[in-house]
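In the two assemblies presented below, chain A is common to both, partnered first by chain B and then by chain C.
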Partner chain A sequence: MNKPSTQQAIFVYTLLGIALIVFLTPIYLIASSSVKPSPIMFQRPPAMLFEPTFEHYRDLFAMRPFGKFIMNSLVVALGSTAFSVFFGSIAAYAISRIKHKRMNDIAFWILSMRMFPPIAVVVPYYIIFKTAGLLDTPLALIIVYSTANIPLTVWLMKGFFDEVPSALEEAAAVDGHGLISIFWRVTLPLAAPGLAVSAVFCFIFSWNEFLFALMLTGSEAQTATVAVMSFWSSDAVQWGRIMAGSFVILIPGVVFVLTCQRWLVRGLTMGSVK
Partner chain B sequence: MRPFVLAGFAATISVAGMTAVHAKDYEGVELKMLAIGDTSVTRLAPIVGEFEELTGAKVQIDMFPYPGLIDKIVIEASANRPSYQLMWVDSPWVGVLGESGALEDLTDWVKRDADEIHLDDIVPIQLQENTWQGRLLAFPASGMIWHQNYRKDLYEHPDEQAAFLERYGYDLAPATTWDQYIDIAEFFTRAAGETLAGETLEKDFYGNAQAYSRVAGAITHDFFPIMRSFGGQYWDPETGLCAMDGEAALAAADVMKRLVASNPPDYLGLMWDIRTGYMERGEVAQSSYWSVRTVRLTNPDEAVLPTIGEAGYAPSPTGDGSPQPTMTGALSFGINSKASDREKEAAWEFIKWGTSRDMMRRFAEEGSGVSQFHKSILADPALQEKYPYYQVLLETQENAQRRIFHPFYADVEEVFGVELNKFMAGETETAREALTNGCTKINTRLKVFPEELRLRWINDAPAAIFQ
Partner chain C sequence: MSAITLRSVVKRYGSVEVVHGIDLDVEEGEFVVLLGPSGCGKTTTLRMVAGLEDVSDGELSIGGRRVNEVAPKDRGVAMVFQNYALYPHMTVRQNMEFALRPLSLDAAEVDRRIRDAAGILGLGELLARKPAQLSGGQRQRVAMGRAMVRTPDVFLFDEPLSNLDAKLRTQVRLEIGKLHNRLGTTVLYVTHDQVEAMTLADKIVIMQNGHIEQVGTPEEVYAHPDNMFVASFIGSPSMNMIPARHEGGRLRADGLDLTVPTRFEGRLSEGQETVIGVRPTGLRCAEPGAADAVVARVEVTEFLGNEALLDIRIGDHELIAEIPAAGRPAPGDAVHLTFDPVAIHLFDPQTGATLSR
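Then we have the complex of A and B:
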């Protein structure tokens, strides 16, 4: 591959710079608004230089048990992600390997679980969890989110499993490995990038979800997204506190994605067999 | 200070009396309240332990976002064993909550405890705000009106008064008609570098700030009060269908359109609080909005205005200057109709405690006065000095009319929010077209229902409390 010319490099870096500005501006606005005094929050032109205040962060944790809500979000998001990735991978492997004329129908049926509008099932979910005594518990949200995340994982992982050459599994079988061992020791590691992608998507969906969290939780299992929005009341929208909460909420998501990033690049191993 | 001391003494006596009456009557009862982070709740949440000490009932307040809360209440009310016994209620919701049977009728309790709650001292319209088909479904925790706020320091500046008189031929004073309001808005709209009250402006100054955003129907919160100030009504009393395309509605849309020129340039995105922010920073000459936000105009921790000028308060202007009923609203507490009898009794005790006159006075003295609904508090000279808009709140509610209470309130807010916003943005050519579109969409939904039902929905049957 030829080394890019200076002009090409300038062009590429300019594009990258613009993309960075586009993506980072909202984060900058969130961060700056979170330390901006309320009276000048919407001043025009926007106040760029001001004495930062941490009162919004203080209020965030003083007026609500926000630390607990963050923990709830973590439990729900990690729980749903682990549950979805585990069962989704197994289901995807089965769909990928079992040759049956109805297998595509089953795969489509699983995908169709994601097609209904969430609002249509809020009330049934509410009644089910109320009856089961699971309302306002993290488990209720883990179950609900998993119903949305498992189909996604199945379809993502099926594609990755399809890419793993069957020759590798046959070789492992010849070496005496059973089905579970082949799946666990050979196929799954090679599909690790798929696991990472699935986990990232599942986590982000579960972490950000609002509607079910609003309807199915109270003070015990309330998640951070709902807690942040609770600063939107009838007499005011407390933007400073909302921005402070939003900034805090950003952190675990970024950490999780960065953690998974290492696995995302392991897709290189997909070319291990010629 | 003396009135405050006396009031505190009275409150202490009252609380002591309450202790004797209740004496842990509700030991073991646990109440949960489905609420928002509104001042009517946040000022109460930290002190619910006091109620537990008095009655034995434990109260937990869960705060949720305003958007979606009504849906959560409706879903909660559909459960046979409710998780929440107490509900925070915005008065326009009483229609949908009344039709769904979500809330307990408080009428008999209010009658029974009339002396204890000082029923005669409560502004009547605030109770009517929570009435549905003659039943009182919630009890006010904060009462509000829609009124005008203005830069009193600018209005009283001699240079500005002289210039205004010369230009418009009448004295500069809080507007009593919308034409005057528009004149004042136009007069005070100035560019950076021009002079305002003898000083050179460093940045643009605007004549007024009204909400034009379609988000959460914010524009309707300004449009409907203006429409009503022209004598307009929401519904046709003959058919129960939308009447918000009549002459009064057209006049209101015209007022808002004419005010665009003197509004900040981001007017299409101005929601309630972003709009009030302009007034709170002292960047506009006048702004009309709900009084729940007015308290900030005297608090330097929440607003810039107290440090650079002074706010004044006046009733909403009207079409021709003749009196029109002031538009009111109430933020209230209700009881889940599915709660057990014992829980309901305990919940009513909590409502009485949390909205009592003594408690409201205590809040006012501590600084979270917001909007009050007891006549004696609004008329208290010491509190009027602290909250100058109390006088306007008190006087205007003598002639007041409640907000929309129709079960299709949310639809009206959403549809007209979009249609009016499009007209203000120039996407729809005329006000008549915008309003006709709005009414057509609403009527399409309403015509599914028989006329008898539609007429019942718009019937503001008075609460049976005063009978």
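Then we have the complex of A and C:
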């Protein structure tokens, strides 16, 4: 590729700048509001320079068990991610490798699980989990989130498994390895970027989810997203705490994505065949 | 006891039969090459031996044991794939270790085998590298090393040289030959390249359309082809084929009138149609008036160094002659040629079978 001209560079950087402003402004507002003293919270024009205060963070953890809600969110998000990536990968491998004329229908059927609007099934889920005694437990949310995460994982991983050359699996078979060993030691490591992508999507979806968490949990299994909403009561909206809570919620997602990032590399199968 | 035995082995995909009941015996320690044009079933046959394809019908044995239903991992074979199939996430050493893992050897033995193979194949410097950091020739050697360390009963090679450039191909071909001499392991080797087949094989199996056309040593298939397919497939440039007729003890075709070679006397009936096969080296330049000399017109000459190829026309037949380059005629010249009687093959035009037997 040719070196971009100055004009092209200016164009690209302008676009990048606009994108950054669009994406980072809300985060800036959250971060700055979370350390803004309450009296100047709604000052116009917004106060840019002020003495930061950590009172909202203190209130957040002192007045409500916000740490517990964060833990609930982590348990639910990591649990659903692990469950979905594990079973989704196995299913995807079967769909990728088994040649059957009905296989595409099965794959589509799995995808169709994601097509119904969540609000349509909230009430049935509520009744099911109430009957099963799982209301207000992390397990209920793990199950619900997995029904959305597994189809996503299956489709993502199927694409990655399709890319692993069958010659590698044949070589491993002739080298004396059985199916599980081949899957575990050859195919899955080569689809690692897919695992990372799937895990990131599953985690972010589960971490951010609000509707099911609101309807299916109470005080025990409440997740952080729902807990933040509870600062919005009929008497007052505690913006400072909402912003502090929102900022805390941002952190685990960023950490998780950064952790997975080193697997998000391309060209892992380079040099295997030809 | 044969190392590999195929009895009426058939391969079908759905209703399409691609290998039609072939029989083959590969003896212990033999280097056998399956040779044929693409789509002839040679790779399918090899993959059946490896266990990567099911045998639809017939019996396949390795070392006297029926293996039709045996999984690839339990067949005691090692295979070198056309595209090498190295595990890209493992180093060269790990690639070899991975092949040894199912054998449950102790660490010292694993290390010894890897060092031996690396020594033989010159991989010592490369053990810590990943496949992406190797050249084509190096990858090829790693693929062989990975097969070697398992000390299999049978080596299977699937067109192992086809991804290498011409120079490297010659070099690796020699290495494979040396390796076989050194290890003495039975080899079944698939290629479409007759030079590989002729130079490496103890025995060549020539296949076409899912049938075995001929099995023999390189000398046999070259000098005594069973049929027109083998005759024209082996040898480069390929054998000239001239439809002719047997009349009064002579073979006649347009512009051609030859004495029947003595070994065919009594095998031809009067008026029988036949096909004369003669390799380019079987045509000689001769003085005008020599017995059985035919007149040919030179259309193109190709200088190869020691030899020259002449594209010539006799009557309405286009032939190729290979003659010493010195004193070669120029395009447009008329030359007198004789057919070396020993080099003449006769085939049945209907069945393609040789009339020599």
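Convention: the second predicted complex is superposed on the first by the 245 of 274 C-alpha atoms of A that agree within 3 Å, B and C clash if a C-alpha of one lies under 4 Å from a C-alpha of the other, contacts with A are read in each partner's own complex, and residues count from 1 in each chain.
Criterion: a contact is a pair of C-beta atoms (placed from the backbone, for glycine too) under 8 Å apart; a residue touches a chain by one contact, two chains touch by 3 or more.
Treat the numbers as computed from the prediction; the structure is a model and nothing was measured.
Shared-chain residue A:D136: touches chain B; no touch with chain C. Contact with neither chain B nor chain C is seen for A:D105 once the two complexes are overlaid on the shared chain. More residues of chain A lie in touch with B than with the remaining chain of the pair chain B and chain C.
Of the two partner chains, chain C is the only one touched by A:G176; chain B is not. Of the two partner chains placed around the shared chain by superposition, neither chain B nor chain C is touched by A:D162. In the superposed model, A:Q222 makes contact with chain B only, not with chain C. When both complexes are overlaid on chain A, the residue A:W232 reaches chain B alone and has no touch with chain C.
Residues 32, 36-39, 42, 60, 62-68, 71-72, 75, 78-79, 81, 83-84, 90, 203-204, 264-266, 271-274, 277-278, 280-281, 283, 290, 292-293, 302-304, 331, 370 of chain B are the ones that touch chain A when the two sit in their complex. Across the complex, chain B is touched by residues 38-45, 63-64, 122-123, 126-127, 130, 135-136, 211, 214-215, 218-219, 222, 226, 229-239 of chain A.
Chain contact summary for the complex, chain C toward chain A: residues 50-52, 71-75, 77-79, 81, 83-89, 98-99, 101-103, 130-134, 136, 139, 146, 150, 156, 163. Those residues of chain A whose C-beta lies close enough to touch chain C in the complex are 165, 167-168, 170-178, 181, 185-186, 189-190, 267-274.
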